[in-house]
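This is the structure I have questions about; it appears just below.
The letters A, B, C and D name the chains in turn, as written, and every chain counts its residues from 1.
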Amino acid sequence: MIELNNVTKTYDNGADALLNVSLKIEKGEFAFIIGSSGSGKSTLIKLLLKEVEPNHGDIIINNKNITKLKKSRIPYLRRGLGVVFQDFRLLPNKTVYENVAFAMQIVEASPKEIRRNVPMVLSMVGLSRKARAYPNQLSGGEQQRTALARAIVNNPPILLADEPTGNLDPKTAWEIMKVLKDINSRGTTVVIATHDKDIVNKMKKRVIELQEGILVRDLPKGGYSDED
Amino acid sequence: MIELNNVTKTYDNGADALLNVSLKIEKGEFAFIIGSSGSGKSTLIKLLLKEVEPNHGDIIINNKNITKLKKSRIPYLRRGLGVVFQDFRLLPNKTVYENVAFAMQIVEASPKEIRRNVPMVLSMVGLSRKARAYPNQLSGGEQQRTALARAIVNNPPILLADEPTGNLDPKTAWEIMKVLKDINSRGTTVVIATHDKDIVNKMKKRVIELQEGILVRDLPKGGYSDED
Amino acid sequence: MKIRTMKYFAAQGLRGIWRNRLMSFASIATISSCLMIVGIFYCVAVNIDYMLEILEETAGITVFYTKEKYNEKTIEDIKEKINKIDNVKEVKYISPEEALESEKAEWGEYASLLDGLEEDNPLPPSFELTLEDIRYQKDVISQLNEINGIEVRYFEEETKILISFNNIIRIISLVLILVLCFIGIMLMDNTIRLTVYIRKTEINIMKYIGATDWFIRWPFIIEGIIIGLIGAIIPLGIVWAFYNFITQLIYEKNTVLQNILAFRTTEEIFSVLTPVSLIIGVSIGIIGSSISIRRYLKV
Amino acid sequence: MKIRTMKYFAAQGLRGIWRNRLMSFASIATISSCLMIVGIFYCVAVNIDYMLEILEETAGITVFYTKEKYNEKTIEDIKEKINKIDNVKEVKYISPEEALESEKAEWGEYASLLDGLEEDNPLPPSFELTLEDIRYQKDVISQLNEINGIEVRYFEEETKILISFNNIIRIISLVLILVLCFIGIMLMDNTIRLTVYIRKTEINIMKYIGATDWFIRWPFIIEGIIIGLIGAIIPLGIVWAFYNFITQLIYEKNTVLQNILAFRTTEEIFSVLTPVSLIIGVSIGIIGSSISIRRYLKV
């Protein structure tokens, strides 16, 4: 489903974010990407989205080499990927409801579907009460959950989440993880970049660890590496 | 040092963020504010900063009732408070170095002091290598550490940190906590809003817990509440 | 594209205007300012042109007989011949007596000074010509010279000056309008660039969650159309009110000015200005939104 | 305020311009456009005024004798009396012979028609007056009427029309300049508002970490001054080049136009336009930055 072959990404200012990373994530998998701050986790997700381009190597999603994707096809690639961004990226002029509905309007979903699905996902992430609030009227955790709701509302085949519980208390974080597990069990491939040791250790899922841009560990049922 | 008397904050859209909160934090204390997402932690910090005004109640900092502070005195209140914002609030047009130096320029520090202190705090938070990068060239955790460096560079008597480790891996998070403990041991009052169960449990410091805007727990050497 | 998507675009366009009030206001103000300038200049230029036209029409050529006096038949003959020349609007025969009368009228209270002249009138009989347009004077004169029995006297130098003067005024107005339009487009481009720059984040986010370029573009274009329309209607209204007010003021209050000023009717002016303003406004809106957005669609 | 803080402000102002290129460019373009318009209009208006002044100067009053002929002494007497009247610039005596000569000259090739008149010249002797300013005509005439032995004939209606015409042109130029300045200020206000809106986040962040209002404001003001200066110099250069080009073109190429057109020298124009433009530009820059920033300082 997702395949990276010798991918290297060096930013324009010389920062090496990924070095020769090769990995393969199968359909329906649930994988954690861990690594210390600045180790390249977000860069990996941005590469899958074609937000940044690799300097070397190929990225294959759904058997398509996306490094060679035509510009006009990029939106369709992105529609197949539900993404929770580390910095949320909510539309500031739209309410929580509208932000989530927007993801459905893009794919020209019917108003009926929108009216059914949006409240459903909002209640899944526990934000029904905040549907009419604008992003700047939300707490950090509420913004993060809005971003998650938007990522899952279209039932994308792949879900990428960059630090989806960074602003959540452990209880809410676990509720969110249950939602993600649920989605995964219905066939969605889930890739999560996270720092949450507890969650990684307890979930017993595949763990991919990066260190300064190098893939140093890839265990099918790993835990968080630096036990102290 | 910090005192809240029956403080209530309801936002314009009717969201109750804090209800009748009274608490007192002494000089030199180290306190955690915990609570689930949306329970009012950030609102509490924003009130101390006069970013938002309380509907009822008084807030006293350094024996001054800041609810009655003249507008022109607000900058001087804020200079006494080092703040790490949950959303970082870095100046997008300034590099990491300049962002930190800016906090010193505001208080008209000498260029010599700036040239000595800025590299020092940057190395404390492990960002010496990123001094010349702009915020949009940083990873989430690097932005967060820049915000912390800016907050501590002027040695403020009070340090407020909203989720200062949310985007950091456990190892880096602990390094940051050591920095904060250090600063605290040199006399700075430190107040941290956090979700990090591990840190709260291991630090054994004062824990103030909010639940839907109500102060439900205030223990001198507490742990994270919802053990599951 | 589905109809509901179209509806969505229209709704978003309208909402966008309200939610981004500041930017919408700035764009409307810029378009309005430019079209206001265009409107004012159009009014001024058209009326100056109109007055010059009238002035040119009244500028005539006088055709002199030599000393001999012709009989009525010959006079009618010549009149007909002159009338056949292209671009001649009117011919009027002026007998020596009539000429003397008008001289006397001009001398006013000193007319008595000319009293002795009636018996041996030194003034020749003449024809006065009015042309369709003063620019054809040369052609007409060369044809007049071919008619037997008349000699042409005309004010070559004066005519040249009048024509040059008209041309200068026309060129100045044209240059000013072009300069202003250019400045207007530049300002508009700036405003749109700034508004799109403000929305850069918004556009980027839309792209990151899979919106196609057209999906992002349409609401902006509709916004552009609406802003362009509003930005055209406001100056039209203001210029219309002012034009009415000023023309009426001059016609009612100032008799001296009436003699030299002539104004096109409000209807004549606005039958051109209205569609032109609307088209310019909407075009600026559409072109502005779509061109400037392109920069930020390259994500 | 410490000197190093001032230095810091200056450095920040300069950096701000470069780092926010788009906004700086937009502001400079807007100021330039407005000052360009002001410059063009100033040139046009000043020159029209100048031409009208010349025109007015050449408009004269003719003073007629009654039929009697005076001797040289009396003529000199009257000339002196007239010369003593305020605002009279020049007096010229024209004998009946001279009057006939000039009539003949005007009739050109048909002068022979007037041949018989020399012996019993029906034209009266006259004085031709030139005034300092056509507006004083009334005063001068009432004083002329008090001088014995002369009767005044003047072109009241024509003078009135000329004065009204001049006034209309002046009023139109003035109104246009005012309208344009107003539009310019509005556009500038818009641009500055947008640029400050873009920097809202930046300003808020500065406030949240304890910067005083003045600390935030100064770099913006310095930026405003620099932008205002650049925005004033560009149109000055362009207008200067064009003005030189056009005046030289007209003087060199077009002899007919020279007769009716008169231009102020480039130096005369720019000794006023340069300081005015610079002051307006810098003021807009300063006022714009500081006023618009106020909105976002209220945090």
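Simple rule for what comes next: a contact is a pair of C-beta atoms (placed from the backbone, for glycine too) under 8 Å apart; a residue touches a chain by one contact, two chains touch by 3 or more.
Because the structure is predicted, anything quoted here is derived from the model rather than measured.
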Set of chains adjacent to chain A and to chain D: B, C
Set of chains whose contacts include both chain B and chain A: none
Farthest chain relative to chain A (centres taken as mean CA coordinates): D
Centroid distance [mean C-alpha coordinates] between chain C and chain A, Å: 62
Distance between chain centroids, defined by C-alpha means - chain C, chain D (Å): 24
For chain B paired with chain C, centre-to-centre distance based on mean C-alpha positions, whole Å: 67
Residues of chain A touching at least two other chains: none
Shared interface positions of chain D, touching two or more other chains: none
Arrangement of touching chains [line / ring / star / complete / other]: ring
Touching pairs among all chains present in the structure: A-B, A-C, B-D, C-D
Parts of chain A lying in touch with chain C, wherever the complex brings them together: 49, 51, 72, 74-79, 81, 83, 85, 89-93, 102-103, 105-108, 110-111, 150
Touching residues (chain side chain C, partner chain D) in the complex: 22-23, 25-26, 29-30, 33, 36-37, 40, 44, 64, 67, 108-110, 113-114, 116-117, 120, 122-124, 153, 160-161, 164-165, 168, 172, 176, 179-180, 183, 186-187, 190-191, 193-195, 197-198, 254, 256-257, 259-261
Chain B - residues contacting chain A, complex: 11, 13, 15, 34-38, 41-42, 86-87, 130, 132-133, 137-142, 144-145, 162-163, 166-174, 195, 197-198, 224, 226, 228
In the complex with chain B, residue positions of chain D that touch it: 1-2, 4-5, 8, 16, 19-20, 201-202, 204-213, 215, 299
